[in-house]
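Each chain carries a letter (A, B, C, D and E) given by its place in the written order, and its residues are counted from 1.
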């Protein structure tokens, strides 16, 4: 199931003019506040009628300005988690959650009320009305409501922004499973690179209404040119990996093209393919194999390029096997280590810095 | 200016029963979704009348159930940034922003409209109405509106949750300046430990309507017992520091009790006192002084305690001078390095991992 | 009680209730439809429709009554059709009184409901649509419950108006005891005779009591509906 | 045009406009106050107040007219006071017609405004209070602008009702050409005479035209006010 | 089998007709169902096919209209009653005021800034007669600005009775029934057209029951009641 979007829509001040394809899985829409993310999602949902362009889901045309096709909102069957909640104030939490069920087609399957309420921690408040919920609780209901409508696709506009870390950690794996097991495509807006890196198969970066970069998550997130969009702290590389072995002491050994990585126990079976994200600021560069360090992961490689930023830092791209790592170090260190393209170095990565949130299955 | 809160208020299902003091500066209310944060802030603002207890700001009683004192909302003069925006839909952005100005007392000073609009990136949309703003833009207007009302205190309920990293990075230093220069006390709800660590002088942790921990930010955030509340990834130590020297290559040298730390250029003058936060997962433990590493910061110390968690990781507390660092390493490494209380070790910290967001003035 | 009011007066009370309830009951769906159309649709002649709906309010009731008489009287074009096709006679029957009352109440009911509809956030209706609800379902499950307080307010306003309607009724269906003599007509009749003030006053009291009861019930219902929405 | 309506008829038109505008203008602040009290305050006797406000709707207009006559006539208790203290005479004057019209329009106006007030999210008012606005300021700067469409709707409903008011007016201030003979009274007079239909019809047309114009203007105003709120 | 006859009658006849109707029912077992309203309103309804069988109008003009349209049963129209108009004073008038109606009477001066209450002078019979009478006495032009027109004669009477208007012109029958007013003078009989209440059977409602009822209205029992209520009988009717 792939979603094709190609729309133009003028807004006072600037124009939204985007074209991208969401090939299934999770497509993250990323961009500054006001970049046009909600506008694009609204157009897909049918809540906004773009001036020109067309939108198609799995070959079915949802909207085509030229052919004058405009499938009504309720027949698009796209579960939309709104940025502003929009719960039905007159219905109990339970009836908010089950609202869409009666409209779902006969055969549609999916998680049940109990499962979703449990996951979202809403089981004790099913009989309350939205007026008696906290901000995060409201957002969770909105989330569950969209899920339970058995949609063909999910549209999520910052669904987790109001949630605390613990709750996020519960919901993210669920979203992953949803993506992997049901194949439900998801269009996902988030300001959190960590969330995007974990969930997204495809990343579309918007700036002032235009797509500045779109492609597979690994490529877009590892692109040193995108550092400004994601923020210096979030720059990093996403590498394909395979689960090599689960060790008895709770560590999992991953095989990447440049060597081995150890990280805390993962769920997937040995042999499974996965993805790891290594943040640039978590990588230490050494000119010799370090000894007596608590860091378990030391990968040999060669400097590919050096990029100076503003300030005292630089980004070093290191070729490790067929993959490219990013490391953020100070210019002072670069000089001390006499780094230059071609120089062979070791990348030192702490085990735990490849945290679970940053590992995603593909 | 200190805020005293001591209230009891029953809600269906559980009871909010909190007592804490916010001694000035930024007091962060931290807790899971539904813990009662908004309820507490509403009580302070006067939007909710607690069943029992009292609330006082700088000695002035705002509310006292026993003495039947209840200062009306508009005379409390507390700028409230709501979790749900609440912009005036019929007023332009400009008039939303300046709404509170006419009610401010004659002498009150503070930032002007232009300054705030600039800071918040709203200058180009002053004549729009809130209906024509994006989610993040709305939240920024709500923020500016509260600021411009020249309040005696700010109440902020997740003010930055809807903003992207770039915008946050612009607003956070501003909040810091506000806190430091105007001495405006702020009660701040956030799910982001990074934000809290950067801004908060005092942290109050709520759980199911009760205060489970309250105190100076350094202590609460560095408390290994609070790891569950903040999440494993956010565990770390917050240390007092002094700016020793600004180097020509853009690095700033900080003096802490256990040695010297290098980090990217800071704004504050040499000699200024500040705070650094060192996340546990950013610390590598070595049994000898490492060589040939890009990491600039190597602090000698001694293992104080080892705490095993679930999973393959452990938390090592290291005494460095008079301060205590936390390091998160794998059990495998701990065994390899034969770590035990008393053993002298080196803590290796990458320069850049003490990022600007995690440094706060006091 | 039966001693307090004569049988003819009880008849008037019962008739008024019947007329008003039918008037409100039958016109309510139409009022909701009209209010929805005015609030949410854009169509040619919308202003005209709005004007026509308000006519009974603007015109002196006597004129409305005469127009009804001309249109729905037995010799009137519409009256003839109704009688032939549906066997429904309005002129000089209580059914005609109900029509007059409904017509006079219509602008009030429509206005109240329209205001309520305009206050519903279309974003909620959009949300329902994204969940698969067609327009009709959105209306039934979201819009209607949300405007319930307004519908109740409109219905009661209409009921009160129907209970008090005089000019159009007496002009259209005359003042026939037991058939078209509603409370206000009976009051009027008593006011026409010397010494009738006492009887008129009693009927006024009944009229006021009924309307107050309706008001009170409606307030309670509306408040309950509103509380559901506010959440609690 | 002047040839089309006689001078006396023009007088009636002008008088009706004057009476209706004053009726609505003067009663509007009171309507807003009453609506606010009913929507937002809790006090003893609220139901009673609500009932009293609705009385003119419930009672046959003739009865309202008589009650006005008894209370505000020159010999009535209130009429005497008003005349002595303010030199304001209502009986047989256009001022009395305005009072009657205002009273009859009051329940309609109050209902409309009340519905609008109930639709305002109290959270916005709370937000204004946190910014330092006292209750009065909150009302002026937040509530009032937000209910503007409702106020306009209410005012127009009231105006239309005032333009069409007949029963209470003729009973209270009787029919004095040039002083109290409003349009509906003039129309009524014509309708009573065999052959007066033509003249009555012309006046009806004028009445309808005026009310339609008011309606249209109000729709435009209300839509503009609503659009401001919706944002655009 | 009891018959019910529907009568459309001028509102001012209510007191008398209700009494007659009660007697009629008692004596014959048949019932009268009477719809009281203004004559013009009833006449228009009859034009539109109202189910009336007998019409008693306070106004000959509207009966003429119906007759002209052929709505009356042939040869059933006859005047049922006559009435007089009087000048009355109420609590608003000076105590002990007396006034005789004649050309030159200072009616306007007596009123001062008070009002003369009448029924609508262009539309309602009592008002039309009153205006005609004042005109023939040459008083109309001077009092016209002081006239307060009520929508029916009963409302005019009420204005006088409540003291709002010191003087009023009403039917003699009304004046008699209202203790709060006193009659200052009768208008001369020749100062206005004769005040007659014609009654007729309507073509559509004609039948033995209607005929019997109208006969009863013209019979002795009814007449006695009418007289008791202050009405007169038309000339030529057997005393």
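Throughout what follows, contacts are C-beta pairs under 8 Å (C-beta built on N, C-alpha and C of every residue); 3 or more make two chains touch, one makes a residue touch a chain.
Everything numeric in this text was worked out from a predicted model, so none of it was measured.
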Mutual neighbours - chains that touch subunit A and subunit B alike: none
Interchain contact steps from subunit A to subunit E (minimum; 1 if touching): 2
Distance-maximising chain from subunit D - centres being C-alpha averages: A
Rounded Å distance between subunit B and subunit E, as computed from the means of their C-alpha atoms: 91
Centroid spacing, where centroids are CA-atom means, of subunit C and subunit E in whole angstrom: 35
CA centroid of subunit C to CA centroid of subunit D, Å: 20
CA centroid of subunit B to CA centroid of subunit C, Å: 60
Numbers and ranges of subunit B residues touching at least 2 other chains: 84, 128, 132
Multi-chain contact residues (two or more partners), subunit E: none
Multi-chain contact residues (two or more partners), subunit C: 62, 66, 191
Chain-to-chain touches, reported pairwise for every pair that qualifies: A-B, A-C, B-D, C-D, C-E, D-E
Contact footprint of subunit E on subunit D as seen in their complex: 62, 66, 69-70, 73-75, 91-92, 170-171, 173-176, 188-194, 196
Residue ranges of subunit C touching subunit D (in the complex, touch as defined): 47, 50-51, 54-55, 57-63, 66, 107-108, 111-112, 114-116, 118-119, 149-150, 153, 157, 160-161, 163-164, 166-167, 183-184, 187-188, 191, 200, 204, 207-208, 211-212, 215-216, 219, 226
Footprint of subunit D on subunit E - complex, ascending: 38, 40, 43, 61-62, 65, 91-92, 115, 117, 120, 122-124, 147-151, 155, 158-159, 162-164
Of subunit A, residues touching subunit B in the complex: 12-13, 31-34, 37-38, 83-84, 121, 124-125, 128, 132, 134-137, 140, 157-158, 161-167, 169, 191, 193, 230-234, 247, 249-251, 262, 264-265, 281-282, 284-288, 290-296, 311-313, 327-334, 336-337, 348, 350-353, 355, 357
For the subunit D and subunit B complex, residues of the former touching the latter: 123-124, 126-135, 137-138, 141-142, 145-146, 228-232
